[in-house]
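Each of the next two complexes has subunit A plus one more chain, namely subunit B in the first and subunit C in the second.
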Partner chain A sequence: MKKIEAIIQPHKLDDVKEALKSIGVDGITITEIRGHGRQKGHKEVYRGMEYEVDLLPKIKLETVVPDARLDEIARTIVASARTGKIGDGKIFIYDVAEAIRIRNDDRGEAAL
Partner chain B sequence: MSEGSQGAAPCARLDLNTLQSTFEGRDPFAVLERRTGQVDACVISTCQHLLAPHLAVPFALAAAGGYGRRELFPCSDVDLLLLVGSENDVRQVKEPLSEYLRVLWDSGLRISHSVRTVQECCQFNEQNIELHISLLDLRFLTGELDLFHRLQHSLTDFYAHQGKRLAVRLAEMTRQRHLKFDNTPYHLEPNIKESCGGIRDLHVIGWFSRLYPNRPEIAETLISLQEAKRFLYTLRCFLHFESARDNNLLTFELQDEAARRLATEPVSPENWMRQYFYHARQVFGSAVRPLELAEAENSPLWRQIRERRSRISTPEITISRDRILLRHPALTLSSAESVLGLFTFAGRHGVRLSWDAQRRVRSEAARIRQSFLQAPPSWRIWREFFSMPHCALALQAMQESEVLTAAIPEWEHIDSLVVRDFYHRYTVDEHTLLAIQIIDKLKGNAPSAPARFRHLAAEEEDPALLRIALLLHDIGKGTHPGDHVRGSREMANIILSRFGAPESAKAAILFLIEHHLDLSQTMSSRDLHDPATARLLSSRIGTQEDLRRLALLTYADISAVNPGAMTPWRAEQLWRAYSIGMEQLTRELASERIHEAELVGKTSLPAEVAHFLEGFPVRYLRTHTQQEIEHHFALYRRSLREGVAIDIQREPHAWLLTVIARDQPRLFASLCGALSSFGMNIVKAEAFSNASACILDQIRFTDPLHTLELNPSEVNRLEWTIACVLKQTISVEDLLKRRRPAPRPARTAQITPSARFHDEASDTATLIEFIGEDRPGLLYDLASTISAAGCNIEVVMIDTEAHKAVDVFYVTRNGGKLNREMEEQLQADLIRAAAG
Partner chain C sequence: MSSWIGKTAIRSLPLLYILGSGALHAQETLSIDQRLSSLDSATKAAQLAGDNAWMLTSAALVLMMTGPGLALFYGGLVRSKNVLSTMMHSFVLMSLVTVLWAVYGYSLAFAPGTPFYGDLRYVFLNGVGLTPNPDYGATVPHQTYMVFQLMFAIITPALISGAFAERIKFSAMLLFMVFWTTLVYFPMAHMVWGKGGFLNAALGGSVPCLDFAGGTVVHITSGVSALVCALYLGKRIGYPRESMKPHSLTLSLIGACLLWVGWFGFNAGSAVNSSGLATSAFVNTHFAAAAAALGWLFAEWMRHGKPSMLGGISGAVAGLVAITPASGFVRPFPALLIGFLAGIFCFFMVTTVKSRFGYDDTLDAFGVHGAGGTLGAIFTGIFATNAVNDTFKDAAGRTLPLGLVDGNAHQVLNQFIGVLIAWGLAALLTYVILKIVDALIGVRVSPEQEIEGLDLSMHGEEAYNLEA
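Take a look at the complex of A and B:
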């Protein structure tokens, strides 16, 4: 099993959700986050007042998937989250040691 | 099993089903009485069988808390106090007591017990205020009656001496509990015991009536809440039976069930919940009063504030103990206008109505409704009301005294309305009033609000429009649940007509209602980096003023959904959406022009007026009503005959100068100079020119010395002077020589002047954004500097926020943009000019 963690642009969330749903991925966790990569922050001047915009709003999407579907799902996220501009985000993939469904103690991929 | 319990069958396991049969008649008090009787029998007989024979010391068993009051709900805890004679006795009772309690637990009772001496019970313990409160409801069960009487006697002394101290701590605890529930009873899924206006608040009133025996009005309040008590007690019995545990959370599912089972006639869960909120509102309002009494007695500072406020009075209204009292209720409540005046007073000073005033107003609600229908207050009165700094508090006071539905009958559609939504925590009316409270806080510069939105609120000159839009933005939820935006707009249109709102105000409010979801949708579903998003926003919103109000409205609307809704993430997104829209609208000032061909046929404007408008910025159309446009056209015709047309009008807070003339060098600077020579202070200005080189300048100015107001003939002299300046028969420089020199910016000026140049803002002109400390004559100096540099001012938008001038100029030189060298020179010149 693998955990996919994707940092995407907020306005792409609906597209990514739809794309994942269309390939049968329903279980995702969404978090509103702020951060920056190479895109970095900047100073914004509004009517003479300077505002530090060092952390830009992003969405973090997490899902744990069976190994066999990893590639397909990661590709789907990339395709649906891409605008081609700086700031589109990144995907990180982790190994998952175990998954347990609390309700009935299912283990492994059966718990996903 | 210990020896003592062998063979003993002190009481059978208490069965909820038997108790539930008592509830079929919907009489909660019968259930409480029966439950208390059952538990009494069990606790006493078990004690006589299992405890008393094993205690070698004198003791008394007493019921405390709700059990002591004989108000045991089906699954409530049972509070027991075992009273013993001395500290030594406490150790001796330990073992038999534990066996006794085990048997009671096995009988299905959730026991909460303590073992204490008389002395312990009467020693003030800061850490255990709950004990002192629970002993207020003490009731003898079994054991030594003398010992119990000794405690009662000592407690009487204790409460007489420590009552006030205890009241203060009880008030603190109650406030903390209310805070946990956001100080409002209007939760979509309320906890009917602990939340504001819940059963606990009824208990609090009861305890205060005992702690303040010389304040009979507190006990009288309880009598007036009998109906609410019956409703809430019925509901709690129902929840306990339904959940078979001490559950007090009225979830959506249980609301469905309660509406079906408890209502006397068929009713939807939403409408049944309105009954709950009605009672909770009464209880909460009544509970807050003794809290304030305890707090006021405790705080000398509070007393000082109260006394200071007592001096703020009018012939009809006075303030006492920080509450509004009516000197002549019949007079104050005689007309809709004076009723609204009462609440305007509350909104101005941030003071609530006294209990008595509220009662009187409520008793006249039907008549007040009639007077609002027959002789509604004028727009001026409504506008003043919505301009008050504590408008939300005044609206809450109107809601509590039932005046809000009398004044705006449509409010009834959302009064206590539950709309089941995953994110919303409050009823629609509470959400609405909270949103207005957030605007009040932003306008009041409350430090808890983000600085950016506070600054935005400070720029808003007419918060009344914003507050009215917020008050009505969800009013369609009651009648048009599927498309509340349309419903709210339609209803607002009717209400605003009744208010007598002028077309411009009406248009601004309806616009905000119609677009109140635009920014939140943009920030979550659009790419804010994409220029198309900015263009879309600007095309939908149209003017900087509307965008600013919409950003504030969206901030308040999201923040009032639940306390955690406006996360820093959302605030950042909203700000970014606002910023890109603002930037785009500023850019479009010069580039987006009116085209005559597009106007003809699409608007009701005559062809000659459309020709006059050709080439003005699109902003002109968006910010002026048809009536104003026609007035400008009439001035234009006059200017053709006379060379120049000048019009000065008095507005509520300023004067408005409109000038139409042929374009000429230094024209805008000359106008500013002429006004400065009269000592006028320019606060806003817009200067446009059309395709036929006709300029239309509108300048709003204040008259700090009231020259025009006190000497009406001076208006004519000002018009004449401006005309002479424009015809160049008088020199501005000569006029200004006669005036005292403009004061230099104060050394303590906080705003460092800055001039930023944007080349990409327009295809044909350079945008200069100047920010600096405002002072009389500043605009003349800046405009003169630009003209002296050989530049032509194409479009101007001047704004003043308190002491800050925010001036935007679109300038050209020799028909094109400024080059880098020119920009640097002009930047230095402007900063120097601003320094005076």
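Take a look at the complex of A and C:
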């Protein structure tokens, strides 16, 4: 099993959710985060003093998937989250040691 | 026999007529007097009712300015970990100052005494009943005047809280405020509004200073004291490098609008009746706020390229501050001008001047109230006119000229004197009080308490429990 961690633009979340639903991916976790890669922030002026705001709002989307579907799901996320501009985000992929369904103790890919 | 009776009757008629009509006339005369006198009472009662209704409404409006007006305005401007503590400053003063006022504050401020403070005749509100006091609102119960003035005494110290927000110890704030109201506010109120006060233009002051609703008493004292507090307490940890943005400008907007509306009670209520003078003050208040918001927005747009919500509401408040001393003295278009200039001047004060000198006047109490109040007080000397306010008369009953536009240039000098006294009293005593309170219990919180946030460290609370 692999965990896909996708950091995406907040305004692309709906597109990504739709796309994942349409290929039958049910389990996702969403977190609101701030961060940046190479994207520049913006300047704010408050009472005459300038501040660089370089931590930008993003969405982190996590989903754990069977090995066999990793490539298909990752490509779906990339395609639906891409705008072509700097700040689109990144995907990281991790190994998952175990998965357990809390309701009934299912383990492994059966728990996904 | 019948002819005798008949003759007597006929001869009696003239006498009867005279007696009868005399009696009738006597009855008509009595009833005109009675009617006039009951008409007189009815008119007086109606005037009292109209004036009292407006004054009680005004008192309520002014209290609303503190809670929730100022609480929201200031609360929205701080970081969320400090919002409750900032609001608490305004809220607790609503209670604390009330008690001080009732026990001795009203007496020190408004009882006749020396030119600098009143005597103790009104302690525990002794003698402050429901009959009017001829010096303080001759058509409203004395208690109405007392409670109206109380709301001013509440909001003035609350304004200072803008300077020490996010880093003052709550116990130190309480102690500071007891000293400050006693040593700064009550004497200043006495000097400007108390009978025989040194600066009282209406009631026998040596240096008559025109201050309709408290430009010197409220805004300069609180604004200058705020500056001293900001300098004494020092900057917040991380200031100015860290960006400490307002956590909720929506709250601040609501607060600012409550201040704007409440200010009608503050200024128009200072007419102490519901006459045309109250109307003038009402109109001037509104015009100044409107023009000042535009002035600040204009200045900000030119300087930074974008007009901000914070700029708009700060501008409106600056205009309201500046018009406060002038509200019952100037015409509407000077009010617009005063407001517009205040918007630009205070913008300059809180951006250029504040960043050049680097003091952390957290919520711009000095930049808006101290600076705006000073500007307004001087402009009052220029634009005050007896065409708006003809209540000042000389011994012969002639209406006195008021400001420069009436040909009385000397008034501008008097305004300067009043301003200097307010500055001096506030600055010196605030410093002394801070030193005393600091020595007794310490004024600033520890770095850990400051970083944790005052809501938790001082009050054991969190403002937003959104996961719940």
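Here is the rule we use: the second predicted complex is superposed on the first by the 103 of 112 C-alpha atoms of A that agree within 3 Å, B and C clash if a C-alpha of one lies under 4 Å from a C-alpha of the other, contacts with A are read in each partner's own complex, and residues count from 1 in each chain.
The rule we apply is simple: a contact is a pair of C-beta atoms (placed from the backbone, for glycine too) under 8 Å apart; a residue touches a chain by one contact, two chains touch by 3 or more.
Just so it is clear, the structure is predicted and the values come from calculations on it, not from any experiment.
Enquirer: State whether A:G87 touches subunit B only (first), subunit C only (second), both chains, or neither.
Expert: first
Enquirer: Mind telling me which of the two, subunit B or subunit C, contacts the most residues of subunit A?
Expert: B
Enquirer: So in the superposed three-chain picture, is A:P57 touching just subunit B, just subunit C, both, or none of them (first/second/both/neither)?
Expert: After superposing on A, A:P57 lies in contact with subunit B but is clear of subunit C.
Enquirer: In the overlaid three-chain picture, which partner chain does A:D14 touch, first (subunit B) or second (subunit C), both, or neither?
Expert: A:D14 contacts subunit B only, not subunit C.
Enquirer: Output check: A:A97 vs subunit B and subunit C. Expected answer is one of first, second, both, neither. What do you get?
Expert: neither
Enquirer: For A:A68, is the partner it touches subunit B (first), subunit C (second), both, or none of the two (neither)?
Expert: In the superposition, A:A68 touches no partner, neither subunit B nor subunit C.
Enquirer: So subunit A touches subunit B in one structure and subunit C in the other; where do those two contact lists coincide?
Expert: Looking at subunit A, the two contact sets intersect at 44-49, 51, 53.
Enquirer: Touching residues of subunit A toward subunit C in the complex: what are they?
Expert: Spelled out, the residues of subunit A in touch with subunit C are 44-49, 51, 53.
Enquirer: Of all residues in subunit B, which touch subunit A in the complex?
Expert: 452, 455, 459, 523-529, 567-570, 572-573, 576, 579, 582, 751, 754, 756, 771-772, 801, 804, 806
Enquirer: Across the complex, what residues on subunit A touch subunit B?
Expert: Touch residues, subunit A against subunit B: 9-11, 13-14, 32-34, 44-49, 51, 53, 55-57, 83, 85, 87.
Enquirer: Quick one: in the complex, what on subunit C touches subunit A?
Expert: 240, 243, 245, 303-304, 306, 310, 350-352, 354-355, 364
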